[in-house]
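In the part that follows, the structures are each spelled out as structure tokens.
Both of the next two complexes hold chain A, though its partner changes from chain B to chain C.
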Partner chain A sequence: MHRLYLVPTLLINVVIIFIPAVLTIALAFYRWDGIGMPVFIGLANFRQLLTDRVFWMALGNNVIWTAIFLTVPIAMGLLAATMMLVARRGSAFFQVVYFLPMVIATAITARVWQGMIYSPLTGIAGLVTRAGFPVPNPLTQPSTALYGIAVVDLWHWWGFLCVIFFAALRQVPQEQIEAARIEGASFWQMLRYVLLPGIRPTITLMMIMTIIWSFLVFDFVYILTQGGPAFSSEVLSTLAYRSAFYDLAVGKAAAVAVVISLFGLATTAVYIRLQAKEFDQ
Partner chain B sequence: MDRRTFLAGSLGASLVPLMSRLAFAAGKPVSWWYESAAPAQQEAIAKVLVGGFNAGHPDYSLAVDYRGSELDKQMRVALLSGNGPDVVYTAGPSYVAPMARAGQLLALDDYADKLGWNTRVLPVFLEMGKYDGKLFAVPKTYETLGLFYNKAVLEKNGWKAPTTIAELEALADEALKAKLVPFASGNAGWRGNNEHYVTIAFNSIAGPENVYKALKGEIPWTAEPFVAAINKLNDWWQKGYFGPDYFSLETEQFFAQMAAGRSPMLPSGTWHFQYIQSYFKENADQCGFVGFPSADGLGGPVYALGVGSTLSIAAASQNPDGAAAAIDYVFSPEFYGAMNSVWQGEWNTPLVDLSMVKISDAVPALYAETMKTLADSVAKNQYGYTSWTFLPPATDTQLINGIEEVWLGRSTIPDYLAQIDATFQQEKADGKVPAVPAR
Partner chain C sequence: MRLIESRTTFVLTYAALAILLLITLFPIALLVLNSLKPATQIVQNPLAWPEVYRWDNFVRAWADARFGTTMLNSALLAALTIVLVCSTGSLTAYVLARRKIKSWKIVTFYLLATTTAPIQLFLFPLYFGFAKLGLINNVFAVSLIYTAIYSPFAIMLLRTYFLAVPKELEEAALIDGATHWQVFSKVMLPIVSPGILTVALIIGLYSWNEFLIATTFLQRTDRLTAVVSFFLLSGQYTSDWGEIMAAALIIVLPVIVLFIALQRRFIEGMAGGSVKG
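What follows is the complex of A and B.
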């Protein structure tokens, strides 16, 4: 009888996750323009991806993106959270300030950075340039476009991590912190030997989620550069979107989506293994 | 007043607005999904299109629903599921063939005969809307590319509007020396702007005959005329004609740049006529427009023909006659005059005879003159081909994105054209190339 409680969530999962997922996987083996009848072509879409240099560029950009988000915002978030824990005064204020970018819609954040910060005409970059210190718009240079977008996403994201880590740090037993203080531990020793080990499960979960989210990144890239200039900021999700809705190659888009999902699945498998190990211990 | 009287009175009063609504909406409904439109444009649609149609067609009640820039995706999903509006608005002829092949559109041949579209609409556009010998779409508007220029900037510097490529390059070089950006341009808001310049290069340098042959599959896109055309376009980019902020500027920003005198020229499409009054204000007559200069041997300017949107009737429509009546209304001289008086460049329906059209005196005469020149060129079969109208979707995407790689030195011109050709041949084999009328 108690299994009946599973039915509502199971039903929702089947309808909005399982069926679309199965259909997407199936479509990866078809040629379909999104309008007429799909034609089965076996692995041709995947073979096409293997020889598509834009696909490899997009995959490379996703890897770079993952590397950036596994390090910079996590380091910033941990540092700020620890400092808030050590110096409690004003921590509530800083939590709100750090978290604020997270509650602004991504489209608005992106447009603000595009128009009010990076733009050579209406932004701070233009103001500085007109004052005699040339600042190029990073979104317009192939060598900097991806990093220009990453800065916007970092600004939006790191505060969220900071608040999560701060919440986790507050769960670290106070006796351990006090003991470390009495033993004369420095700030870095406290961080290294007491606080980080205390919140390791949270850090692991955030890192796993960062990897999954990094392979799903779409909104900031699409709004700020649409993957350009010259594919320099193309990521797998913008490639899938362009294939499906501009090239009318829904099968190829589905194949890209399957590749994205494979990375997510592999990361999830690693996480489950880690969790299982922790339980064993 | 007792309670019963109060309730009866209140009920009666609450029904008054409903009754007027019922009376207004007595006609059989006709639905039309439209893309995004600014408030002033929505007002024009409400007044001229919806108001004008409903007043003249009491049997029908037209309603326009704004679906934003994702309209074409929503439309595809809706039609696939057997739903959607009566009037099907597509993003261009390349979308019509797959929809017609899938049986989602109604053949319009009977309506064309009955309502006289065959004599009122320029024949070349009826050809473009055909699939398998049947008419499935008519253009909502057509456009061309040319060269806008700021007369005051030209006069101040003693320059003349160019008529040849050599004159254009001389003027652009002079502009660079004067610290101006020769071409007001940008693609920050719409990356597709890249294709306007590739289309200009293909038609005004390689020539429309070669483009026609490539579209028909008689020559590849890697042929020498196209190499020369992209080579020239790349030269212009490398010399700085497009300016340092190309990837930062949105459409209205670069139009404002020309209006403010920071650029002498703006190579783009006739849809920009809608911005003249906003940015030149009382100096609207200071904005000039000429056909884009063409290479030696091509004669006068080549007017590349573009259709940015088409109108069809859904096969599943509950009111096809009403939808046909709405489309027919759009093809009337009254509608053309009224709509183009308040909104230029987006409702240039391809009428054969523009002599009955009356456009407001407030609209710059240049607009009506340009549209007449374009209509005459089309009637004489002297026109070129825009990429967004005549290329299949993936080829067009390759053309748009690949040119940035050429400009930024990440790809060579032969590689760029080879990728366009490979994608085109694949789509041609798949039957995705839109109809190309015979020259």
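What follows is the complex of A and C.
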């Protein structure tokens, strides 16, 4: 009887996610323009990716992105969360404000940064330039475009981590903190030997999620630069999207999607093992 | 609890927290400030206070982004998604939390795995399949996609609410002669209704803000969501940043007001849901 309760969820999930996912994996071995009959071409899509400069650039950008997001926002979040623990008064207020960017639509965040901060005409960058300190628009320089986008995503994202770390820090046993304080631990010693070890499971989980999410990043890249200039900020997800809907190379897009998923899969394996431990409790 | 006694550390801590506060609020302040300014003044100085308040920015933004239609589309899409996620999700969450079926573990792991699948893994066949079935520009079809994507998160969150309900309550109702369905709908659902409300809020927020699926599946002018219509307005239609920021504020303001009013629900739901599953 209770099995029937699962039918709606699983039906929707299978139709929207599972079947199309299987089809995508199959399509990766075909050439298809989305309209005509797909032509089986074996591994040709993958072989072409291996020699595709843009593909390697996108993959490299995803790796850079992962490296940035594994360090900067996690460090910021941890530091701010610890400081909120020290400050205590006002922590509820700080928490709400830091979290605020998370509820603003990505399209809007992207446009505010683009027009009001980075723009040489209407933004802060332009204002500073006119004051005599030339600041180029990071989004239009191949060497800085990816970092320009990353800053926007950082602004949007770090507060979420901060709130999660703060919630975890408050669970650290009071006695441990008291004991360390009586022993005369400094702020950094407290952080290093009591607080960080106390919330290690949360940090690990957030790092795993960061790796998975870093390979899925799409919105900010697509809205801010479309992967440009000259593919300098292309990531795998925008490459797949463009291949499918602009170049009508659906087979190639599917192959890129499979590559993204393989990266995710390795990380997911670790993630599910961690979750399994929690469910067995 | 005081971690540190030193007054200097205390002052430094607040200073650092305040700097982070300013960094967070600065772009939002620019959004609000410039939504009231004429384009010519923004070009001179985006930081200056408005010389004249251009309330007509909002009027033009409303007309040019067709918010009369697109907001309605967004609201309909969010409402449909909320209903679908909450109804299907609470059924599944109940069964998984109470381990009513033998395969609860497999189903749970399957759902967790789909949360980490890239959208691109199913997007392309889904798009061309929907196109063939004439489901492009169909708001209900898009709400089904959202339901598939957001359900696992909602189920994991709801599951924790079901877990908190004492088992005895269920057993007592069964002994009193209630059917299994009555136990679920008359006993369990009312108890977990705060959880369902939290899920509804967060799912509503996600579908209101969503970009990738909406821009791909809803392309006809009269079917756009508010966010996509804002994206098109700011991308090609106008370069009047006063108007663009006014349009942004129209979309963001209801969200921020709701967020501040119900902050604990939002934060615990979003942060808790992603930590626990």
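Basically, the second predicted complex is superposed on the first by the 257 of 281 C-alpha atoms of A that agree within 3 Å, B and C clash if a C-alpha of one lies under 4 Å from a C-alpha of the other, contacts with A are read in each partner's own complex, and residues count from 1 in each chain.
In the analysis below, a residue touches a chain if its C-beta (ideal position, glycine included) is under 8 Å from a C-beta of that chain, and two chains touch if they have at least 3 such contacts.
Note that the structure is predicted; figures quoted are calculated from it, not measured.
**Q** Check chain A with both chain B and chain C modelled on it and let me know: fit or clash.
**A** Aligned through their shared chain, the two binders clash on chain A.
**Q** Is chain A touched at more residues by chain B or by chain C?
**A** Comparing chain B with chain C, the partner touching more chain A residues is C.
**Q** With the two complexes superposed on chain A, say which partner A:M37 touches: chain B (first), chain C (second), both, or neither.
**A** first
**Q** Can A:V235 be said to touch chain B (first), chain C (second), both, or neither?
**A** neither
**Q** Figure out whether A:W113 sits in contact with chain B (first) or chain C (second), or with both, or with neither.
**A** second
**Q** Tell me the contact category for A:I68 with respect to chain B and chain C: first, second, both or neither.
**A** In the superposition, A:I68 contacts neither chain B nor chain C.
**Q** Please indicate which partner A:L78 is in contact with in the superposed arrangement: first for chain B, second for chain C, both, or neither.
**A** Neither partner.
**Q** Which partner does A:L121 contact after superposing on A: first (chain B), second (chain C), both, neither?
**A** In the superposition, A:L121 touches chain B and chain C alike.
**Q** Applying the document's definition of touch, where does A:I203 land relative to chain B and chain C: first, second, both, or neither?
**A** In the superposition, A:I203 contacts neither chain B nor chain C.
**Q** In the superposed arrangement, which partner chain does A:L139 touch: chain B (first), chain C (second), both, or neither?
**A** A:L139 contacts chain B only, not chain C.
**Q** Return first, second, both or neither, reflecting whether A:A58 touches chain B, chain C, both chains, or no partner chain.
**A** neither
**Q** Have a look at 20-28, 128-136, 200-208 or 254-262 and say which bit of chain C overlaps chain B after the superposition.
**A** The stretch that clashes with chain B is 128-136.
**Q** Hey, what residues of chain A end up touching chain B and chain C alike?
**A** Correct list for chain A: 34, 121, 245.
**Q** List the residues on chain A that touch chain B in their complex, please.
**A** 33-37, 114, 118-121, 137, 139-140, 142, 226-232, 242, 245-249
**Q** What residues on chain A touch chain C, complex-wise?
**A** Against chain C, chain A makes touches at 1-3, 5-6, 8-10, 12-13, 15-21, 23-24, 27, 34, 76, 79-80, 83-88, 90, 94-109, 111-113, 115-117, 121-124, 126-127, 155, 159-160, 163-164, 167-168, 174, 177, 181, 187, 190, 202, 205, 209, 212, 215-216, 218-219, 222-223, 237, 240-241, 244-245, 250, 253-254, 256-258, 260-261, 264, 267-268, 271-272, 275-276, 278-279.
**Q** Could you pull out which chain C residues touch chain A in their complex?
**A** 1-4, 9-10, 13-14, 16-17, 20-21, 23-25, 27-28, 30-31, 34, 42-43, 45-47, 84, 87-89, 91-92, 94-95, 100-101, 105, 107-109, 111-114, 116-129, 144-145, 147-149, 151, 155, 180, 184, 205, 208-209, 211-212, 216, 227-228, 230-231, 234, 241, 244-245, 248, 251-252, 255-256, 259-260, 263, 266-267, 270-272, 274-277
**Q** List the residues on chain B that touch chain A in their complex, please.
**A** Checking each residue of chain B against chain A gives 72-73, 76, 79-80, 98-99, 101-102, 104, 187-188, 191, 244-249, 253, 393-394, 397, 401, 404-405, 407-408, 410-411, 432.
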